[in-house]
Every structure is written in structure tokens, then in C-alpha cells.
């Protein structure tokens, strides 16, 4: 009973809260970093150095009036944020944050579940996430959200292909679809796949940016032209849901990247003996660290790069990334067969 | 002698040339030249052949030439059931009889050709060529007839000469009378030929062959049908019918006088010398058959003598010079048949030859006269022409004497031969024959007297144009008005003189034994009949005295006839009129030829016409009725079927079509083009199958 | 206890619902979706029986069915777009060109 | 027990969403229900132990095909309601009735003639690999390689055809 229900429930609660908390402070972090990048201070009012700013935002969003535009498709309008939020959170079910730990005399694995199609699961769920955006843009019965949603869906589908192909090449290396299995295979092979799949790593990173509508691929919410993108008509909690979903997606992408390419909870260079003193640091710390680095990269890129034009985006996706991914896949297969 | 096949061929070639080319391009002279050369060559050939034949011993004077196979052997049944092969070669046979005929035909033919060149020189050019073409063609067929070694070849010639006579009689076809005469001759001959061809069939049926010699052999083996009327008699009778047709015997003699419508040379050649004697020749050829059929011989004799007598009587009163000659021809032919009838085949043949000479002579002479008189033929408008045409007068007188039987001319020997045999055979026949002889002498000299003696009764020259003949184109030869009677040109008188010579001399080949002669002709001809072993002894059975007496008697009779003629037509011509008025009825009867033509018209012609009309009516009424009825029935049936077609069949078809159309109108609504309808139909099928599976299972 | 018959009935019902959609709806896009439903019904059958008989061929077939469905959707929607560009309608009742 | 609950719940969801898909007035709603329906089907697959198919179902159907539908729906934002014109003689109700009848009959057949194969006709075939995904992959790349390639070719052709069809003539 405890094993079957209680512990997973606890895990889910912990993960969800952690995620949401992380998301809120992710927002603060982004604002701070961009401010610093632009030689500003960023939020300073709420709490020391504005550390309570997320709380204030949350309060504001929850207390704000929730407006539904006239002649909007009401319940689709309501469903859209949920459809975009749920997949983002569901993905966490298969993300291995760390190895097993001994707590209260129990061996507890630091992941909710480990299904043998974990990677496919991730891809599928994220691919479902696109509906939130499309339906939001459609249901709000306004031209900007519609355009934004169309752009977003096209963009997501396009880059999803590239990402999936890179994942396939990784799976070729690991020989399994299970996230844990991938990490363990990296441990057994003694190398992060980022080093033996650099191309896949790069493509996955760019694709991740696109998947999460981050700059420089943030056309769905290009403020200058679309006044906020697909959630222009949203406000209050439903807007918060979109917001959360986006940042949750960022975390998901970074977590997946960590898992696939940076060896998950493994310490750096797990096969180097004289670095074994790093072993005293628990694996989940390593995992959080790597994910944090990814998130920082996201913010950094946003602060650095200008936005792509739509056709450029598509050309990049279809004519550069996908061919590169395919080539990489074929190369990987050849090498693998040759080595085997 | 092996070239005898060329003898008929030469005139044939001439005819071909004249007919194909001459009619278009030849001048009168060329046409005549071609014809005459053909005939001359034929004559020369036949003379050579004759000479060679004489060179042979009497027994084997028979020469066969087979040019080609005509009818390859066709198996066919005969009377005795034995299957014989009907096999007919183009075979020619030269034996005494045919040789004699050959000489007669070629010789006289040649002379007449020569004569014609002058006689016809007033004809239009193409006409002349046509004339000579016909003439040559006639000679070709005649020679075929003569030389034919079997009945069929002979029959070809037979029909051919019939055709030619028709063509030549109708030579002036623009003259209706000429055309009619031609048709009359042809049709009358048809009747005879019908008998002839039946005879031929029966011959083959009986003997299984058509070759003369074979027939004679076979026939000689058969018994003589004295008592009964057997197959041989039937054959003989049929052949005789054919002969009567060709030789103008009772009852088929009527065509010959009308045949005088043809040009005179034609009359001379065909209707005096050659063709009309073909009947006699044919009988001679089949002598054996006839000698085996005594009853038929009787018939032949009676018919012959009756013909002779009647023709002579008619000849008494005729005024047309050519008609007189025509009737005399008929009567002379009667003589010949009488001879055959009494079994004196050689005598008949002998008379045939002599008659050919003097009758041709007489005809040509008359032609000369007509020519001199510019086409005038009526003797009552002549007279005293002696000084105008001396040659003609002389020659015709010789001819008249010959035919009258005045010794030592040709007619005397042959006719007395016949009289003698008739006397032996049958006194009645003899009496008639003698009377005929008397009349012959009479009318011949009546002719001579009316034509050459007495006062001139003809038209004055420079005078009226002789209209009727103008049409024929035989008027004053080409140039302007007629300037009196005048002697004919050389080309005409020469044949006359030659023939006159023939008429004088021809008799001497048959001097009877009674006169110390060897009767050469008889011995010569004997083989042709001898095969039959005819009971015809060369010498007379009677005593020479009787024969001499008979000769004397006949001569006296002839002289009496001549004297009477002189008395009536030279001494006092009125007497003849008186007689004519006294015996008007008889005169009319005779001048109307015993109304034979009228009789035929009334009976056969109109009968035929009536039957024809009847048949026509029958045809129109019944047959046409049937035909039309049938057609009407057919039409009605087709109309009905058409009706059914329209009503039923078309109705069915259209009905089906309409039903289908309406059905399609309704069914087309199924074809909505809406996918969902189709899907629903599929679903319906699914439903059906599921229900089946559920409930039937 | 859940027998394959349950899955069978489920797929039947799903199939029938899709069928009803095909039969009744006039918006061709929804008709397409109904067809997808029917395909899914088929897939349910395949997977259920493959689980029943411990044989994965059914799942393989299901995958093939999905591939074919993808192709069908792509082509069908392409046709639909072309048609819409010409006739400005997606009403299946106005698509009766098969009549001619 | 849990299996039964899961089945009935999922079945109810599947059928309910399917009915909504068919009956929804707004095509977009239909699409949404379709997605949900497919997700439920995927869950059903999971309960049947076909995780790979389930993942593919979500990935291809929910993530790909239905997005395509949604695109089309939004592209053909029809000026006039598509249901405006009604062609005669379509007999929609008859079709509906027939569908129902077929359902009833087939159900009767299924119920009364226990079509369920009693036991695994052929004992679970032994594959050198373990795990649903691996086994399916093994089958795809061994026994069903040719159909697999054919399917890929079909997809390629369909893609080209779709592009050609959807391209504006210019």
C-alpha cells in the first residue's frame, strides 16, 4: 500500500510543488539576468533584491479579473490553458532527478516512474502541448492570437521533427527508451552523449528553444507585432497558466537535455577515477546544477539574440536542422554498426 | 488428199476476212477478189483431191481426215442398254458421193462467185463485202455438210447453210418482202431440222455412233423392215422430214419460191445448185437406212413425184421469170426424190449433178436478163431480147433443152435414168413423172419464148424509171437512166458459157448401157451406196428395148411440150390468153399455187398464231396470275410482317428501351454523386451480410 | 473480468459512432474525423486481440494502420484544401461531381 | 478489478468523446474531442500493455494528424456555415438507422457466439528481445520489414501528393 500509492503520491506532490516553485523563481531569475544583461537592476522592491517578487506576481495574477472576450469560444478558451499546462507537468513523471536515496530506512528512487517508453512518452506529451496554443489563439476570436497560434503550431511541429530525430540518435547510442536506462547507459559507457553526439546536442538545444517559444524563436508571442501572441486575450489565472506552462516546458527541456546529453545525475567524467571525490555530492544536486546551467543558457540566449523572421525560422527548421539531424542519425547508425 | 479439211476452211477464211475487215475497208473489187480466190483455191484443192481419189481402186475410194476431237467421248446409254461413248470428231470423208458434191459445190460456187462480182457491182461497198462474206460462209458450211464424216458435222453444215440462206435471202433487208421471205425460209427449215435432229438422236440411240460408215455397217446388219415400221423406218422418216425441209418438198416447199427475193446468184447457188440438193445428198448418205426401210422409200417416192408434178403445174402459169425457175427447181428436186424413192440413189445423185449445172445456168441466165432489163422480172414485159443478149439467149436455150431432156444434153441422161427406174418400180409414179417432164419442157420453152422471142413488150428506154427495183439498188448499174437491154459484162457471160458447156457435157459421164455407154457415174458412185449392198444392179433389169422405148417416148413428150409452147407463145400469143380465160378457175388455182400459202396461213400460221395467242393469254391470265398472285401474297405477307415488325418487334424493342429509360430515370437518382450515399449502399450490403450471418448462419 | 468481447463491443460501438458520423455529417472535415474514429476502433480490436493471444503482430498491424491513417489524412486534407480553394465550401452535399 | 474499472472508465470516455466528435456543431470542438478521444484510446492501449502503440498513437494521431485537422479547420474558416446547403436524397437518418442495426446485430453475434479465442491459440511467440517496444521493433524489422518499407513509401508518396495538392497554382 505504502509502496504502491503513498510514496508515488508523495513524489508527485513534491515534484509538482518543486516545479511550480522553480518556475516562479525562474521568472525572477530571468528578469534579473536580463536586467543585468541590460545593465539594469531588475525587480528590487518586493523583499530584499526582490526575492519575493514571484509571490507578488502570483497574488496579482490570482486576484486579477478573469476576462473572457465577447464571442469567444468559451470553454475552449478555458480549456486551452489547461491543455498547455497539463502536458508540461505530466512530462515530469518520467524525468529521473537522481539515483536511489536512503530515506527513513527506505530505498526511494528519485523519479516518479520509469517506463520503458519514457522518451517516447516525453515526445508525445510535449507534442500534445501544442494544442493549448492553437486553441487559445483560435478560441479568443481575435486576429493576433490566431496568427500567433498558427505560427506557434507550425513552429512546434517543424522543430519537433528535428528534436525527435536527435532523440532517435541518442536512443541508438543508449539502446533503450527509458530515461533511467539512458542515464545508466551513459554511466556504463562512461561518457556523456553530449560528447559523442555533439551535433544532436546542438540541434536539440536549438529545437528546445523553438519548442518553448523562447527567443530567438519567440514569434508566437512577439510583443512588437502580435502584442503578446496567442495569449493576448488572456488575463488572470488563465494567463498565469500559460506562463507557468511555458516555463515548465523550459525546465522540461533542460531536464531532458540534462538526462540525455549531460548524464543526468552523474558527476562530471564519471569514468575518471581521481575525480571520484566529486561523488560526495549527491546526484540530484548534479542534476539540478546541469539543469540550471541550461536554463541560464536559455535566458542568456534570449538576452543576446534578436528574433528570427518567420520564413527564416521555417527555413532553419526544415532546411538546416532536419537534414543535419537525419545525417547525424545515419552517421550514428553507421558508426554503431561498424563498432558492433 | 489429206488436205481436204482445207477445202471448207478456205471459204471460211474468206468469209472471216470479208466479214471482219472487208465490210469496213474493202472495195467491191477487193471483196470479190478475196471471195473468188478463196473459192478458186478450194476448187483447185478439190480437183486435186478428186484426181487422187480417181487414182485409187474403186473399193478403197474412201479417205478420212480427222482434224480435231470435237466432243470427247461422253459415256451415254443406247437402246440396247450398252453404254456407248458419244464421241464426235471434226472428221471429213472424201468418197465418190462427197467428191461429186464437192466438185459441184466448188465448181459452180466459183463460177457464181465470179458472176456475182459483176452482178453485184452496183451494190453499196459494204453491202458487197457483206454479200461475199455470206456467200463464202455458205460455201464453208456447204462443204462442211458435204465432207462431214459423221452426222453431227453434217448437221453443223446443214444448219449453217440454213443460216446463210436466211441471211442471203434477206440480203436486201430493207425490203420487207425479203425479210419475210428469209424468215419464212428459216422457219420452214426449222420444221425440217426438227425432224433431222430427232433422227440424229434416234441414230445415236440405236447405233451408239454417228459415223456414217459405222452406221451403214450396223444398219446393213439389221433386217430389212419390209413388213413392219421399225426403228430404222422411224429414223429414215425423220431424216426425210429434214430433207423435205431443206429440199423444199411437199409439204415444206413453200419457202423456195419466196426465196427468190434474194439476189439471183444466191438463187442460183443456194436454191438451185447446192443447198436444196443437200436433202438428196443426205438421203444418199444414209442410203442403207432407207434401203432397209422400203415403206419410207415408198413415201419418199410418192412425195417426190407429187412435188414434181404440182410444182410443174404451178410453174406453167407463173410470170415471174425467177419464180418459174424456182418451181422448176422444186419439181426437179421432186424428180431426185422420186429416184431415191425408187432406190435409184445413183440416178438421183446423177440428176442432182446435171440439174446443178443447167439450173444454175438458167438462173444465171435469168439473172443476166434481169440485169439487162434493169431489174424487170415479169416475162410479160420482156420479149425479143434475142438480138440484145445473144450469149444469154444461146446459153439459156441450151439450159432449157437440157432440162427438157433433149438428147444429148445432160438432162436427158439423168432424167431418163430416173424415168426408167420409176417405170420399173411403179407405173403410177412413172406416169406422173412423164407428165411432169412434158410440163417441164412446156414451161421452160414458154419462158424462153416469152423472154427472147416474139415482140418486145418491155418499157421504152430513156423511158419511165423502173421504180420498184430502184429501192433495191439493182437498177441501171450506177449510171443515170436505163438505156435499153444490153448484153451483160464478161464476168457474167463467161460463167454462163462454162455452165452451158457443163450442161451439154455433164450427161456423158452417165450414158446408160442401152446406148452403149458405161454409165461411169453409176459405177463411180456405187461404193458410196454399195456398202449397203443395195439391190441396185448397175445394169437395168428390164430389157434394153424397153429402155430405149422409154427414152424415145420421153423425148417425144419433151418435143411435144416444146412444140405446144411454141404454138401458144410464138405462133399466136392470143391463144394463151384465150386458154387462160377459158380455164379461168384452173388458171387462177395454179397461179395461186393451189392456195398452199393461204392454206398454211389459215391453218398452221394462224393456228400457230392462235395457239401463241392462246398461250399468251394463258400466260398472262394464269401464269402471270400465279406470278402476280404469288408476288401479291408475298407483298401482303411482307406487309404483315412489316406490321408485326413495327407493332410487335419494334414495340417490344422500343418498349424495353422506354422501360429502361424510365427505370434509369428512377435509378439515376441513386447516382447522386454524394459519397455518403455510396457509403450508405455499402453499409446496406454490410447490413445484409451481417443479418445473413446472424439469422441464417 | 474483461474478455476480448468487451473490447470487441467497444470497438464496434466506436466504429458505429464513426459510421454514424460519416453517414450524417455534412462537413467533410468531420467526416474525415469520423473515419479516423473508425480506424481507431479497428486498432482497438487489433491491440486487444494481440494482448489476448500474446502475439504482437496485432500491434504491428495497428502501427501500419496508423501510418496509413496518416497518409490518408494528409492526402485527404490536401484534396479538401484544393477543393475548398475552388469551390469555397466544405459541404459534402455540394461535392457531387462524381455524378459526372 | 482495477483493470475492469480502468476499462469501463476509458470505454465510457472513448465513446462519449466519440459521440461528441460526431455531434459537435463546431468543427474545432470536434477536433478537441477527437484529441481527447485519442488520448483515451492511448490510455486503453497502455492498459493492454501496448505502451509503444500507445505512444505512437499519441505522437502520430494526437500530435500530428489531428493538428493537421485543426489547421485545416482553421484555414477553411468558412464564410457561410458548411451545413447551410442540404442536398436531397441523402437519407442521413436511414444511414444512421442502418449503422445502429449493424451495431446491434454485430453485438448480438459477438455476445452470443463467444468470438473470444479461448486460450492463446499459439503460445506467446518467443522473441529474442523483451519489452513491448523492443518486440514490436523486432517484428517490424524482421518479419514485417517489407510492409514497413512499403508503408514508408506510402507515407512519402502521400506527403508529396499532399504538398502538390495543397500548393497554390502559380
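The first chain written gets the first letter, and so on, giving A, B, C and D; residue counts start at 1 in each chain.
Please note the rule applied: a contact is a pair of C-beta atoms (placed from the backbone, for glycine too) under 8 Å apart; a residue touches a chain by one contact, two chains touch by 3 or more.
Computed from a prediction, not measured in an experiment: that's the story for all the values here.
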Components of the interchain contact network lacking chain D: A | B, C
Most central chain, judged by mean C-alpha position against the global CA mean: C
Of B-C and B-D, whichever chain pair has more C-beta contact pairs: B-D
For chain B paired with chain C, centre-to-centre distance based on mean C-alpha positions, whole Å: 113
Distance from the mean Cα position of chain D to that of chain B, given in whole angstrom: 118
Centroid spacing, where centroids are CA-atom means, of chain A and chain D in whole angstrom: 29
Between chain C and chain D, centroid-to-centroid distance (C-alpha), Å: 6
Residues within chain B bordering two or more other chains: 672, 674, 676, 679-680, 683
In chain C, residues with contacts to at least two other chains: 19, 22-23, 93, 96
Multi-partner residues of chain D (each touching 2 or more other chains): 52, 56, 64, 87, 90, 92, 95, 98-99, 102, 106, 132
Touching pairs - complete list by chain label: A-D, B-C, B-D, C-D
List of chain D residues in touch with chain C within their complex: 3-4, 7, 11, 14-15, 18-19, 21-22, 24, 27, 30-31, 34, 37-38, 41, 44-45, 48-50, 52-53, 56-57, 60-61, 64-66, 68-69, 72-73, 75-76, 78-80, 82-87, 90, 92-93, 95-96, 98-100, 102-103, 106-107, 110-111, 114-117, 120-125, 127, 132, 135-136, 139-140, 143-144, 147-148, 151-152, 154-155, 157-159, 161-166, 168
Touching residues (chain side chain C, partner chain B) in the complex: 19, 22-23, 31, 92-93, 95-100
Sites on chain C touched by chain D in the complex: 1-6, 8-10, 12-30, 32-34, 36-37, 40, 43-44, 47-57, 59-60, 62-64, 66-75, 77-82, 84-85, 88-91, 93-94, 96
In the complex, chain D residues that touch chain A: 26, 28-29, 32, 35, 39, 42, 51-52, 54-56, 58-59, 62-64, 67, 70-71, 74, 131-133
Chain B residues touching chain D - in the complex, by the definition given at the top: 669, 672, 674, 676-677, 679-680, 683-684, 686-687, 690-691, 693-694
